[in-house]
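In this document, chain identifiers A, B, C and D correspond to the written order of the chains, with residue numbering beginning at 1 in each.
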Amino acid sequence: MTETQIYGVCGAGLIGIGLYGAILGRSALRRLLAFNLIGSGVFLVFGAIARRGGLAGGGASDPVPQALVITGLVVAFAATAIAVALLMRLAAVEGEDASSRAASRSTDALSPPVAASASNSAGGEEPARAGD
Amino acid sequence: MPGLPLPDPRWADVPLALASLGLALWLTLTRRDRAAVIGFTGYGLLVGLVWVRLGSVDVALTEAALGGGLMGLLLLIAVRRLGDGTALSPPPALLTRLLVGLLCLAVTLGLAAVVLGLPSPAPSLVEAVAQHQALTELGNPVAAVLIAFRAVDTLLESVVLALAVIVLWSFGADRAWGLRPRALDIGPPSSALLLLGRLLPPVGLIVGVHLFWTGADHPGGPFQGGAVLAAMAALVWLTRLGEPPPVDDWLTRLGIVVGPLLFLVIGLSGVVVADAFLGYPEAFTKPLILLIETAKTLSIAVALALLVAGPPELPGSMSTGQPATTESRVTG
Amino acid sequence: MTGFLLTAGVFILLTVLLGLVSILRGPGDAVRLMAVQLLGTGGVAALLLLGSAIDLTATTDLALVLALLSGFAAVAFSVALGRAPAASSDDRHGSDPPDDSPAGD
Amino acid sequence: MSLANAFTMVFVSLGALAFFASWVGLLRFPDALSRLHALSKADNLGLGLVVVGLLPQASWPFGVLKLVALWLVSVLIGGATGQMLAGVIHANAGQISDDRETRPDTGAKSAARANPETAS
């Protein structure tokens, strides 16, 4: 196997693992991590393809996908920061007043996709204490 | 010496891939949030190394600065405030886990099949970029793509960053509007942290500017340099040597938008002067690119640092001690 | 020479990758964080060796960034572990009380 | 030239050895503080030896400066974070959080995946 195949398959595996975590993650923060895993898996697959193109074209890596991945990384970071802020706000609101939980849930529709699906769980489920 | 075939680094490929996969699996399955976040910072470092092996140091730099550094800070502070694993939902039923696991396995296998079955003469834009790269007078093909050939993407991306800051700020409580972000204000720093906060930012400033400057011809550029600068600003705020600016500070707001704005203005004037939107007149290509990149570095640094610093908050809302009253702003 | 440097780099990388076992094992988040730091340092060393072997200055830049920012996790960790009124957890054994005076420069 | 290469080989090998020793320490030492001690060996000694070994190979003005600056930064960060980590470990000495005290001994490689997740 060449390194493009190794890392391409690795990226595919990361997407699968991230998908599992995003569906079954046990806290909102963990789902956020899982979304980032999916993202990085997608980038790795993209990077493997870029590497193939680069080798075929006589360079180290195709510059166009590289540039797209760089912008993608920055946007992913921005989305994560927003999701984290949303989680904190949610925790603050829940701590303040349990009855305002319904109101906070309705605001989820306005948030970007990553943040929305990450926070749905936190708003919807009854927090269960981990025993220790 | 460079003519040798280099078989050795390949020995690292399979272990690197396995380690990334194992770490990802572990941080998905482990019980505690904080342990998972620590694992995720390690994962960011690993992926940075993977990108070197994939031949793109540009991406590796970005990943190392964002994934390994800033993301770890952001998430660990989130864990600190949200509590570690106190909001765990009950574990899903075995059948659910099995079904979802099978679904994810199917997705992985399908993707892997696609990756392994990619068409053999790989499509490549290397030559197309190399052909036109001379026009931009840049030595780094990735920089040429970012600033010239796919400039629309880069422009929209920097607008997204500015929008992200606006969205983040809007999460603050109404009463807190106009105040400072306080997510990084976590109490008086220990003496070791203080030492770090005093000595590291000057070094980081040099490294960040170096990355930006060298980005024209070598790996590096506004994103990488901006990320390093943002990390240094976050460190200064963390150690209370400086405070994040209040959200209604007009200088900060200018800093956020100056990059995209300048980009847009020059791009629009390209319609008149050159022959297309985001076209550069031939004589001034390099100076114009340099101008845009400088503004962009500044904007990215400010925006990333503010994204880590969080929405504006009331002083007492975080059970810290008294807010520090040091000098009010830090350039970053 | 090139072969030697690359071999040394791969050796160090494999060593710190095995150190990741500690991340999985613990016990305790502090040990996990140490494994991450070992990964960062070892990655820096491996990158330096790689860059020196194939004459690529860019990897040295990357190593510099990695060294600069991999310490951030430890900073954030010590911050995150400090309990909610984080005033005194860090400096129990430290000598000087942390006065947050303006700290010039 | 060959003298410089021999110099490089010796020091880089020593550095690699230091990393290896540090890894063994991280794995085998009994408690967190002594593991921290092992880690700081990798930070300072291992990376330092590698940097010294690479100095003859670096381009004169800037390559050498960059290497030295990198090592200084790494020592600074390693020292400061080591102090902070030790403070946290020290402060939490009684109740270092999460895992059960499963005093892990030998055979760690195979059990690594399963171990943290047993006994939920």
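Convention: a contact is a pair of C-beta atoms (placed from the backbone, for glycine too) under 8 Å apart; a residue touches a chain by one contact, two chains touch by 3 or more.
What you see is a predicted model; the values in this text were computed from it and never measured.
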> What's the overlap between the neighbours of subunit A and those of subunit B?
Replying inline: none
> Could you name the chain whose CA centroid falls nearest to the centroid of all protein CA atoms?
Replying inline: B
> Which integer distance in Å separates the CA centroid of subunit C from that of subunit D?
Replying inline: 8
>> Can you compute the centre-to-centre distance for subunit B and subunit C, using the mean CA position of each chain? Integer Å is fine.
In response: 19
> Rounded to the nearest whole Å, what is the centre-to-centre distance of subunit B and subunit D, using the mean of the C-alpha atoms as each centre?
Replying inline: 26
> Distance from the CA centroid of subunit A to that of subunit C, rounded to the nearest Å?
Replying inline: 24
>> Residues of subunit C that contact two or more other chains, please.
In response: 1, 24, 26, 29, 33, 35, 57, 61, 64, 68, 70-71, 75, 77-78, 81-82, 90-91, 94
>> Please output the residue numbers of subunit D that touch at least 2 other chains, ranges allowed.
In response: 69, 73, 77, 80-81, 84, 87, 98, 113, 116
> Taking touching chains as linked, do they make an open path (line), a single closed cycle (ring), a hub with spokes (star), an all-linked set (complete), or other?
Replying inline: other
>> By the document's touch rule, what are all the touching chain pairs in this structure?
In response: A-B, B-C, B-D, C-D
>> For the complex, give me every residue of subunit B touching subunit A.
In response: 10, 13-14, 17, 20-21, 24-25, 27-28, 31, 33, 36-37, 40, 43, 47, 50-51, 53-56, 58-59, 62-63, 66-67, 70-71, 74-75, 78-79, 81-82, 85-92, 96-97, 100-101, 103-105, 107-109, 111-112, 114-116, 118, 121-127, 129-130, 141-142, 144-146, 149-150, 153-154, 157, 160-161, 164, 167-168, 171, 173, 183, 221, 223, 227, 300, 303-304, 307-308, 310-311, 317
> Touching subunit B in the complex: which residues of subunit C?
Replying inline: 1-3, 6-7, 9-10, 13-14, 17, 20, 23-24, 26, 29, 32-33, 35-36, 39-40, 43, 46-47, 50, 53-59, 61-62, 64-66, 68-73, 75-82, 84-87, 90-91, 94-96, 98-100, 102-103, 105
> If you look only at subunit A, which of its residues touch subunit B in the complex?
Replying inline: 3-21, 23-30, 32-34, 36-37, 40, 43-45, 47-64, 66-71, 73-75, 77-82, 84-89, 91-92, 111-112, 121-122, 125, 127-130
> Which of the residues in subunit D end up touching subunit C in this complex?
Replying inline: 5, 8-9, 12-13, 15-16, 19-20, 22-23, 26-27, 32, 35-36, 39, 42-43, 46-47, 50-51, 54, 57-59, 63, 66-67, 69-70, 73-74, 77-78, 80-81, 84-92, 96-102, 104, 108-109, 112-113, 115-116
>> If we count contacts the way the header does, which residues on subunit B are in touch with subunit D in the complex?
In response: 22, 25-26, 29-32, 34-35, 84, 91, 190-193, 195-196, 199-200, 203
